Each structure stands twice: as C-alpha cells, then as structure tokens.
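I have a structure I would like to understand better, so I am pasting it below and will then ask my questions one at a time.
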Amino acid sequence: MTDRKLRGAMVGGGPGSFIGPVHRMAATMDGQAEYVSGVFSSSPEKSRDFGKELYLEAGRAHGTVEELIEHETSLPEERRVDFVTICTPNYAHYDAVCRFLEAGIHVICDKPVTVSLEQAYDLKKRIEKSGLFFSLTHNYTGYPMVKQARHMVRQGEVGTIHKVVVEYPQGWLIGMLKNQQGAINPWRMDPAKAGKASTMGDIGTHAENLVRYVTGLTIESLCADIAAIVPTNPMEDDGNVLLHFKGGARGVLIASQVSTGEENGFNLRVYGDKAGMYWLQEDPNYLVIKDPSGFKKTYSKGNDILCEAARKAGRLPFGHPDGFIEAFANIYLESFRGIRALLEGKPIPGDLDVPGIEDGIMGMQFIETVVASAASDRKWCPWVS
Amino acid sequence: MTDRKLRGAMVGGGPGSFIGPVHRMAATMDGQAEYVSGVFSSSPEKSRDFGKELYLEAGRAHGTVEELIEHETSLPEERRVDFVTICTPNYAHYDAVCRFLEAGIHVICDKPVTVSLEQAYDLKKRIEKSGLFFSLTHNYTGYPMVKQARHMVRQGEVGTIHKVVVEYPQGWLIGMLKNQQGAINPWRMDPAKAGKASTMGDIGTHAENLVRYVTGLTIESLCADIAAIVPTNPMEDDGNVLLHFKGGARGVLIASQVSTGEENGFNLRVYGDKAGMYWLQEDPNYLVIKDPSGFKKTYSKGNDILCEAARKAGRLPFGHPDGFIEAFANIYLESFRGIRALLEGKPIPGDLDVPGIEDGIMGMQFIETVVASAASDRKWCPWVS
Amino acid sequence: MTDRKLRGAMVGGGPGSFIGPVHRMAATMDGQAEYVSGVFSSSPEKSRDFGKELYLEAGRAHGTVEELIEHETSLPEERRVDFVTICTPNYAHYDAVCRFLEAGIHVICDKPVTVSLEQAYDLKKRIEKSGLFFSLTHNYTGYPMVKQARHMVRQGEVGTIHKVVVEYPQGWLIGMLKNQQGAINPWRMDPAKAGKASTMGDIGTHAENLVRYVTGLTIESLCADIAAIVPTNPMEDDGNVLLHFKGGARGVLIASQVSTGEENGFNLRVYGDKAGMYWLQEDPNYLVIKDPSGFKKTYSKGNDILCEAARKAGRLPFGHPDGFIEAFANIYLESFRGIRALLEGKPIPGDLDVPGIEDGIMGMQFIETVVASAASDRKWCPWVS
Amino acid sequence: MTDRKLRGAMVGGGPGSFIGPVHRMAATMDGQAEYVSGVFSSSPEKSRDFGKELYLEAGRAHGTVEELIEHETSLPEERRVDFVTICTPNYAHYDAVCRFLEAGIHVICDKPVTVSLEQAYDLKKRIEKSGLFFSLTHNYTGYPMVKQARHMVRQGEVGTIHKVVVEYPQGWLIGMLKNQQGAINPWRMDPAKAGKASTMGDIGTHAENLVRYVTGLTIESLCADIAAIVPTNPMEDDGNVLLHFKGGARGVLIASQVSTGEENGFNLRVYGDKAGMYWLQEDPNYLVIKDPSGFKKTYSKGNDILCEAARKAGRLPFGHPDGFIEAFANIYLESFRGIRALLEGKPIPGDLDVPGIEDGIMGMQFIETVVASAASDRKWCPWVS
C-alpha cells in the first residue's frame, strides 16, 4: 500500500500566497508525495485555473472544502488523497481540519493551529477519536542544527539551564510602509480571522515552540508588553515578554514585525551552568557552543559527529547550505513516516519527531497568557491552560 | 503539449551517490518535472531495486543506456521521457550524451562535460546538429546573489575590473584520511575516468565558470602550480593558479580538496575601479559591495531592489535562506523553459540563463591549460583552445 | 599654563586591579597626561611598592586619600597634581570625590558614581559649587562608532525610534565557578560596598547610559526581573528589564554576568521608522544600518564619511582596529580638554562630549528604579528621581 | 639603572605622519618609556613646533639626526636618551640606524629595514659589532592570537603543514583616486626612496614575516606577478605570488593596495594534516581552528587557556578588544625588555619575542626575489640570499 508516492490535497496556498509554494516544495522535493487536488480559492474558477498551473488533473481543483471531500471520497481508493495540507488563514483551520478528519483524511496543518484555545482542545479530542495523523508545521524545528541543539541539551552539554533568550525580529511591516506597498495582508490584523493575537500568534508561537523543543522547558508565568507600533494596526505588531519557566529558569522572548531592517532573524540563546548555546535561523547550518573558558565551538550541519536526528535531517554535506525549504520538508518527511505507518495498519512510530496537536495547544495557551498579561496592565500572569 | 509536467530519465545517481539525490530534488521541487525512468546501476537488479525506492513504474529502471533508450522509444509519445539527466562519473558523459541526442532526447549533463577537449568539441557539433536542448549543471550560477553580482558588474557598479580572486577550498580529502573512512571515490583519482585533472576538473572548472559568469572576463594565460598533497593520490588534489585575463585584468584562482577543515568555501572577490564585490557560497544569500570610502553594502536575497534575474531566482523572502538545492533547481527551471519552448516548436528563448556546451568547452580548455602549464614546469601558458 | 602634560593622581587601581591599568593606559597613551602620585592600597607599604612599579617619584604613593591630598597641596604649584582618577570599589567613590573637590583638584571617577542616589545628588551640588571638572568613565560612549550612531540618530537617519533592545551579556561569573577560580571579587556582591545592585550597577548602568547617549531617549517606567542565579551570590547577577521610554518608544534591557560563555557582548539595536541600527562592543569599529528594503550598510571606523566626532575619536585608518583602551582614552581626552580650559581660566567648552555627574545621577536612578520594581514583586515602576 | 622609564628619541613621525603617532602611543602606553627628543622635520622650525605639541623640553627637537645625536651625547647620562625610534621613509632608515649605533643608542626601526639587501647585510654587521639592541616593527606579530597561532603550530595542533594562503588586501589607493584626494604619498612610489618594491615592500614583507613567524616555514622559490594597476604609479601596487616552501609546502601570497574597498584585511590560513587555522587582522582577537570533522573552534584573546605568550600579550579580559596599537605596543614592551637587560649589563634574554635584523634581511630577500621573478617574465625564481 505504501510502495508509491502519497497523494495530497491542499487547502489554501493559492494565487499570491507565500506559504503555499513552500508547502508544495517541502512536501514533494523528496519524492515521497505529490499533490493531486486542492481548494486554492473560494472562487471555483480561480481555483481551477490555479490547479492547471500546478498540472493537476482536470476536476480536482475545487472552490470549497466540502466539494473537494465529496469528490475525493467518490474516487476509487487508489486515486483518492491520503492527506491534506491546510494552509489557509488561521480562522479557517478549525473547520477544515474537522471536515477532513470526518472524511478520514490525514491532516498537516499550518500554525497557529486555531483561533482559540477552546478550538484547539476540541481538535485534540477529534484527532484522538479519529485515529488519524495530525501534524503542525512549526517548521523551524526541522532544521538539522536545531535537532543537534536539542540533543546536546539532553546530553547535558550545556548543564542545568538558568536563562533563555529567544528573539524573533522581523521588520517587513515597516518596510511595507516605507515602500508604500500597501497594508499588511488584512486578515493578519483582523481579530476575527487571526485570533487573539497577530504577531505573537504568527511568530511568537514559533519562538515558544523552539524554546520548548530545544530545552524542554515550559513557561510557568510571564509578563508581556505588546503594542501596535504602526498606529493603523488594530492588533499588536510587537511584543516583549519576560518569562519564568517551571523549575526556576528565566528568560526573555521578543517577537516583532516592526524591527526595522530585520529580515527573519529568529535566534535562540540558551545558558546553562556548563555552556552557552546559540542558533540563528538566518545562518541555520551552524550551532555555536560557548565555553566559559574563552572559546566557542561551531558545529556544522552535514557531518558524522552530529547526533542521528541532525544527520538524518541534513540533505547535503557540510558547506552545502540546506535552507528554509529543506527544514520545512523535514516536517513533511516525518509526517509521511507517520502516515505511511497508519496506512500500513501500524501505530505511529514512537520516535516520530514532528510537532502535533499538543504543540498547537501550547501555542494557543501562550497566546492566551500573553493576551491576559497585556490586558491586566502588563502584570505577570500564570500560564493559562 | 506542455500543459503537463516534463518526464525525465536519469543516468547515474544510484545507491550511495551524493549528486544523484541533488539532481532529483532540484529537478522536481518546483513541480515542473518528474523522473519516470533511469539507469541507476550497471547491475540491472540494483537498478531495478533503486527504481522501486524512487517509486518508478515497474520496467523503467534499466542496466544500460541502450536498454533505456530502446524501451523509451518504444513507448507511446505521451509516456516517453522528454529529457535525461546524466550524472555519472565524468568518463561516461560523452557516450551517454551522444546516445540520447541520437534518440532525440533533451540532455541535462553534470560537469565537467567530458574527459577531453576533443570530446567537448565533438559534442558541440552533435548538439547543434540535433536541434535538441543541452545544459550543463554549473549549479553555482543558479544562486540569486550570483545573478545579482553579474547584473551589478554589467551595470558598471564595480567599474572596470582589474583584479579577481576566486577560491574554492575544500578539506574533505584530509578529513577522510583523519577519520580513516577509506580512500576517495576511486574514479575521481583515475585519469581514465576523471579526465586530465581531478580537483581542477571537479571544482576548478566551477571557479572558472563563476568568474566568467559574473565578470564576463576570459582568461588569456595562466601559471598553474598543482600537486598531489596526499601522497597516494595519483592525480592532483590542490592547485594555485595565477591568471591574466583578456583586456589586462589579473587574478588568482585557488582550488583545493586538502584545505583542511574548509567545507565548501567557494568564494569570489572582484575589484574594479569603483567598488569591490564579495560572494561566499557558504553564506549564499548575501552579496557585499565594498565602497572604497569606508562602507560595505550587503544586499540580501529576496527583496524588490534586486535585479529581475535575482528576484526570479529567489524562492523565499529575505531572511528565509535559499540553499544549495534551490540554486541547483534554478538551473533546471531554466533548462525546462528551454525544453518546453522546443517541445512547443519555438526556438530556445534568447534570454535563457543556463550553462551550456560553450561553458563545457571553456571548462575543458581551462583543464587543458592548467595541465599544460603544470607539465611545462609551471610556466605561464596561453589559453589552450 | 597648559603647555605641558597634565599631572594626575590615582586612587585605587593597585595590585591585581583590572580597571587600574586601563585608566593608566587610557589617560597617558595620547601624551597629554602622566600620573605622578596615588593611593594604590590602604597599606602604605604596598602602595609605596606599587608606586615604584609605576616609576613614581619617591614619596608620592600614599596609604590614604588624606595623606595624598596633604602632600600634594604642600607642593609648589608646578609639581602639584591637576586631577585625580578615582577607581576604587563603588562605596569609596563618594568620600574620595568630596575630599578632592575640597582640595581643588579636578576629578575623573569610575562608575557607578556612588552607592546611593542621595550621594549622587549631593555630589552634584558639591561639583557645581566647586567650579571644578568632574567626569564619569562610562567608557563605551568613547567608541567612534557609538558617536557615529548618535550622530545618525540626530540626523534622522533611523527616523522616529519606536523600539530599542540593549543587551550586556557576560558569563565570567559562571566561568569562575567552572574553573573553580574562587569567588567573585567580594565587594561586588556586598551591598555595603557595591550599592543597591551588583550586576545592574556594574554593567546595567552602562546599558542605560549607552541607550540614552545614542538615542536621547529617557526611561519613563520599567519592569525588572532580577535574580541571583548563582545561589551563593547575596546580590543579583542577572537582570531582564522591560522599558517604556518617554514619548512612547519601548524597549528591552538585558544585563547578565551569568550568560555562560558570553564575553563582553554589549550590543545595541535601535529601530526607527526609517531604519534599524546595530552596534556590538566586541566588534566595535563597525556600525550597521539596516534598511527595510533588504540591504545593510556597514560603516567602518576611520574614514572621511563619518561625522566629525567619530572621525576625531578614531586614532587609526579603517581596517586598523581601535580597541577598548582607545575608546576609554577618548573619555580622558575630552576630560583633559575640559580641565585645560578651566586651568586657562576659560569655561568648560559647550561641546564637551563626556559623561558627567548628570549621567551618574541617571545611573543611580536607574538602579533605584530597577530595585524598586524587583522589590514590588516585579511590577512596572515609574522612574525614580 | 632601570628603576625608571626609558628615554626615547624619535626620527620621523612628524606633522601629518600616520605611523609616528602609532609609535608614540605604542611606546608609551604601558608607562615604560617616554619620548624626550626627536627629529620630526628637516625644517628645524617645524621640528621645534612639533616638539612643543609633544610637550618636549625646549631644545630637544632638531632638524637633523646629527644635531640630535650631538646634543644628546652632550647631556649628562641621567638625561640622555636610551633608544631611538626610526620611522622615516624607507630610504632614510639605513643612514639613521648607522649613526645611532655609532652614538651607542639602541634602535627600534620601522620596516622594511632598508632599501637594499646590501644595506641590510651591512646593518647586521654593524648591529652585532655595536652590542646594541635593534628591533624592527613587524607589528602584526605583536597580536596575542598570532602568538597563540605560532604556539599551536609548534605544539603540532595543525600537524604537518602542506599549504599556506596569506593575503594582505588594501584598497586605499583606489579610494584616493575615487575621492580625488590626490596621489599616494610620493616617496612610496619613488624607487629611490621606497626601495626596489612599493606595495610588496610596504605590506608584502609583513605577509612574509607573519607566515614565517607563525609556521616557521621559509620560502624556497616563488613566482611573482606584480603590476601597477593605477597607470600613473611608477612602481607596483599589486602582487600575486605562488610560493614553494623548504620542505615541500606550497602557498599563495597576495598583497595589494588596489583591492577596492578592502581596508586592512591581512589574513592567514594554514593547512596541516590535522587541522586548518585562520586569523584575520581586522578581527584580531580571535583564532579559528578548523577541524576536518566538521567543527570550528574559535579561541578568544584574554583567557587562561591560551599559551603564556598570548596571555602576556593581551592587556584585557576576553570580550574587551585589544587593537592595533596594543599589538604594536607589544613589540615595544619586548624591545624594552631587551634594552633594559643591556642597560643592566646583562645579555638580551634568550626568549625575547621581537623581530630583529634577521627579519629585516629576510624581508629584503623577499623583495629581491619577487622583483627578480617579475623581471624574468614572471618565472619561478629561487630565494635570493
């Protein structure tokens, strides 16, 4: 049953989308899957035209999720899709996921998982009940050197962690203003569509996820100062957050889309009683360990001295840069490993290294806690769960 | 005729190959093509097994080029391959290219194009006669910021060039010795299989190609000091070359596989009477322009101020790293543009930005000239043509 | 009267001191001054021995400030010291400054200026009354590219500032533990000697000073999370602070001596509506301006395109690194300019670019506010003045 | 006799000089010496005025070396100079050194030592005969991390060296043209004043010296391609050189003052069978060891894990940048250690780590060999001695 490429559908990711092509390249570059159907626009005609651009078979690009599901489930099993990628604006995730689960189709969903914590809890129940596969594209955990970082923390190479600084600075929102390229994609600043937070949902959740993935630490309480720096933004575009982790470590989380001139400077610093650690998404193939004696050791992606997870996640030898798409593709490779297991009637492998609904729930809890702190005059708030 | 993915065959790139998966990822990640057949091993059984791993249709993985061609040409046109990727060791390129051209199949070939200059001249005639598409995967010219560099040179932003320093340092050969992981892939050090040069053919030709692509300069004469640093190597593993370009510019070209601890540190520096320019393959998404007044301007991949070619070649916004595979894929995208034009009965677009047989000939001339200089006691030699 | 080197005394900076030699090199390297007397130890004998090492004239190394002042004021004017450098532990600053002012001797004092805000206010009155020169060695403002940063902000090149991130991470305290080199210099962790804060006084005040110097922004309120990470430390060794500036800008200030493996990574990022700006003390001869369109412009110390203050503050052409000592020496050069003016009976030049008692007061206010916030369960506190 | 600062004279380094202030800061910043007399201009008046700026005693700034020597030798021993710094244009070194040696005054001389190899040989004899101290300011060997590099090579950490790449790229000459700031300092391009080479003498000799200092390797033969890129330059402003070292290692040496936009990018790469090594003068406080397994280890100046020479040569803890002047001052500190030994009637310490007349001779031999190769149509030439 799995001696073939998996067949996927895509919801969202149509004309003008940034993340749609990323999902398509990531899902297909390793030759493990192909997209055969999709909903690329609510206009059936636009969706059809876009399907042609993707060389889809006629009749498999639809205007609604319902239509797609109806059509797919009418097909013989050997042509039907195995999984769906959902990369619509946030507000449409929940409904789409529910429908695909009901239709028995495995789901890979973009983040943040939903627009409310309640929806996320509800999805968890539905996923468990369905027995289907579900993963969430917190793609930055797909980078080989992030896996190496996690490994080294687990091996005790940084010792007991006492401080974490995670920053996700972007400046494109200011760039848009400067270049007068029009406003931000409107749904991102519409609470009805983006959820309770904008920047903190879009990239703040990546920061929370990365810290947890690498360090294993979870937040106990936080103090959040968020603001709309661009006055016309109805939601926040910048946030600075003090963190207390369970167990006593402290930290700072900065997420911003108005850090002028920053590109996608997501970075993580971890300080333990043995060593410090540094990773920067814009130079992702290196991991720096800082020894307090006065030297730094920089590990490169793509060599034999890395941990197994980091080695597997690298496609090329050292010096040959793996990029954003390859890291994203690693999320898909692990997802496909899970899906193939289920298709073969086996359980999902215990060592599957992919973000799932629990990560989605944590992300929503993070948003809720940030918003609660901000709303209470920027007081410290315990983690909302 | 081209409202579909192109169909490709692959020769080489089987079990254990480094470059085979690169070609497959690069050719397919943009959804423009899929591989449907191949010769992955001279053992029919191994080839067949590997075809299964790639989810090829049964019967389309062969043990010889002849067999593959015979089978493909027996298929109805709508199933037959459009193009072949040849990524065997160097010595097998020539014969394979000849056969596919005879069979009317477009060719994308790895570099160096052949093992002798004569073969390269001969291929040129055959390609011209065939009317088929031929490109050569000098993949580094596929990086967006290399295209920006070329653009800026053409726009006069560095002024008249007087000096070029190009280096391609690798150290993996020493790494192998240190780690006792056995010897270098034997064909690379076998003159019968690698051609007249080893390191200078493998990576020296990339250096020559990059200089010419970015600056437009061609070499007039050179003085080459090549050597086998690892005593058991029957061919050179290191080379230092002084260059004189037509028109008076001077330069240095260094290519090495024994530069201990270097990864894939290919880099180019261009000095003109207005500015200097720097690009490093290990940090490929940036291009540095050095102004003599005391500032440097670093351009990032993925923004609107780049030239059209650089913008088109970037898949993601700034700060989201494009890597080696994406640059390689750009060679395929341009190749597919050429192939689709021919399939539609149109001429190859005049603006096609892809290395071809002329680049292959220049590469072979470079090898011949280096070898001639080395053989004449490291004297200056005029360009061999 | 000023056609000669100035004559200085030093209080503190004796055997084993880190900062004493820095003051001596900084004060004398430009040939504008020499130290002729000092109190290097409370043991008269140790002080005398140390004076010999410095080639001081016999009889000019004393055991107490009183003794030194008595001796100096007994000398004929042409041998008497013009100024004193006070680089004792914090708690001894106040008393020493008072005595030298009373003796009519100009003062250059290390930071933080005192151990309480009250003392700082009192000093201000005494300095004003004395008519003498007083400066404070917030040495980081002496770097040429910090002056260029300030200039560019004033020229509007970053536009209206909305966000500032300043970090001062060090890790030597963890290094000490790891290397078992004994405890931190005890006075730094003794509230009676260090003042109300340890790390926030030692390096946090540098961070506050740098932000204010470059941006002109002053803090309106802050929320401080400080802690003793090393359990045996009686005072804080780490602090994370959220900032609100007057006028609406926001920010983050991080100061730490337990950021394992960090050396002296003081850095400043400023985000305005036109551009971002970045400076790093460990690579101090460069200033990066980040344009939101997708390029960075890096200015180098030592060229003609910099502002006058930055040009004057650089001792060497670009590419010849000025270091920590040269930046420190710039504080002395400006101080000497002020002292020479007074010695010549002129007013202190209006354009004098040197930190003074106002900066000392702001530093103490910063400490007070941080401590108040921490004491109130890490609530937001308005600036204490 | 040495319980006092040493007294120095300076020849050269007057108004407008770049290197004069460097020598003064370097020689005096550690409190070991002071300049008390000098010849700062051939105009007695200008020299006198400049002496005033330096706060020299009246009557100790002269118009000729003879005058200075006559005056100094007429002074009582306790006021007379101990040493002289010679930092005139190259052509004046020889005569000045001879006269000071004759007068019994120790000499610290700028490089290249003379304008011909014969002069250098002659100086060697005179120095030996005099019993006086002589050192040459190849200042780059004064950097702490250069000393660490030398140490690590000696300890075998890079293994047997097979390749060296040393580059000294500057671009200020193009900058001058661009900014129309007039021509290069004329003596540098006048063979009568600069010697047989310009750029290769000015900075090429630094490159030769650094390679030898760090690796211990000496050149056996070379092939030099030098040129005047700026057409109005009567001497070379750029050079690319292939090197063969005694023992079989190979290398490349590049020195240029027309590498547009480069500042003072002197750097060294050493490749051995165990590791590679990298040092860059523009970021001088770090030394990178590249392991072929896929990691880099970066050592920082100013910590306890460095070798003794590197520790001693660093003035500040890690993260506090030492700069160009401090490295230069290390040459003076070692010179003063030698001079003080002689003043105390002891031999020069055997472990003295300072460039001397042998380095000067090697530098002149390097120039002679480069010029011989260039003159013989850029053929390989054996080392001229």
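Lettered A, B, C and D in written order, each chain numbered from 1.
One rule holds for everything that comes next: a residue touches a chain if its C-beta (ideal position, glycine included) is under 8 Å from a C-beta of that chain, and two chains touch if they have at least 3 such contacts.
Since we're looking at a predicted model, the values are computed, not measured.
Asks: Look at all chain centres (mean of CA atoms) and spot the one farthest from the centre of chain A.
Replies: D
Asks: Have a look at B-C versus B-D and report the one with more C-beta pairs in contact.
Replies: Of B-D and B-C, it is B-D that has more C-beta pairs in contact.
Asks: Would you mind pulling out the distance in Å between where the CA atoms of chain B average out and where those of chain D do?
Replies: Result: the chain centres lie 44 Å from each other.
Asks: Based only on mean CA positions, could you tell me how far chain A sits from chain B in angstrom?
Replies: That pair's centroid distance is 34 Å.
Asks: Report the inter-centroid distance (CA atoms only) between chain B and chain C in whole Å.
Replies: Each chain's C-alpha centroid was found; their separation is 55 Å.
Asks: Identify all positions of chain D at which a residue touches two or more other chains, and write them in rising order.
Replies: Those would be 172, 179, 262-263, 293-294, 296, 300, 302, 304, 318.
Asks: Taking the touch rule as given, give the residues of chain D at its contact with chain B in the complex, in rising order.
Replies: 158-159, 162-163, 165, 167, 171-172, 174-175, 177-179, 223, 225, 227, 229, 238, 240, 242, 244, 250-252, 254, 256, 258-263, 269, 271-276, 289-294, 296, 377-380
Asks: Mind pulling up the chain B residues that touch chain A in the complex?
Replies: For this pair, the touching residues of chain B are 3-5, 18, 21-22, 24-25, 28-31, 34, 52, 54-55, 170, 172, 179, 262-265, 281-284, 300, 302, 304, 315-326.
Asks: With touch defined as at the start, can you tell me which chain A residues reach chain D in the complex?
Replies: Within the complex, chain A touches chain D at residues 293-300, 302-306, 318.
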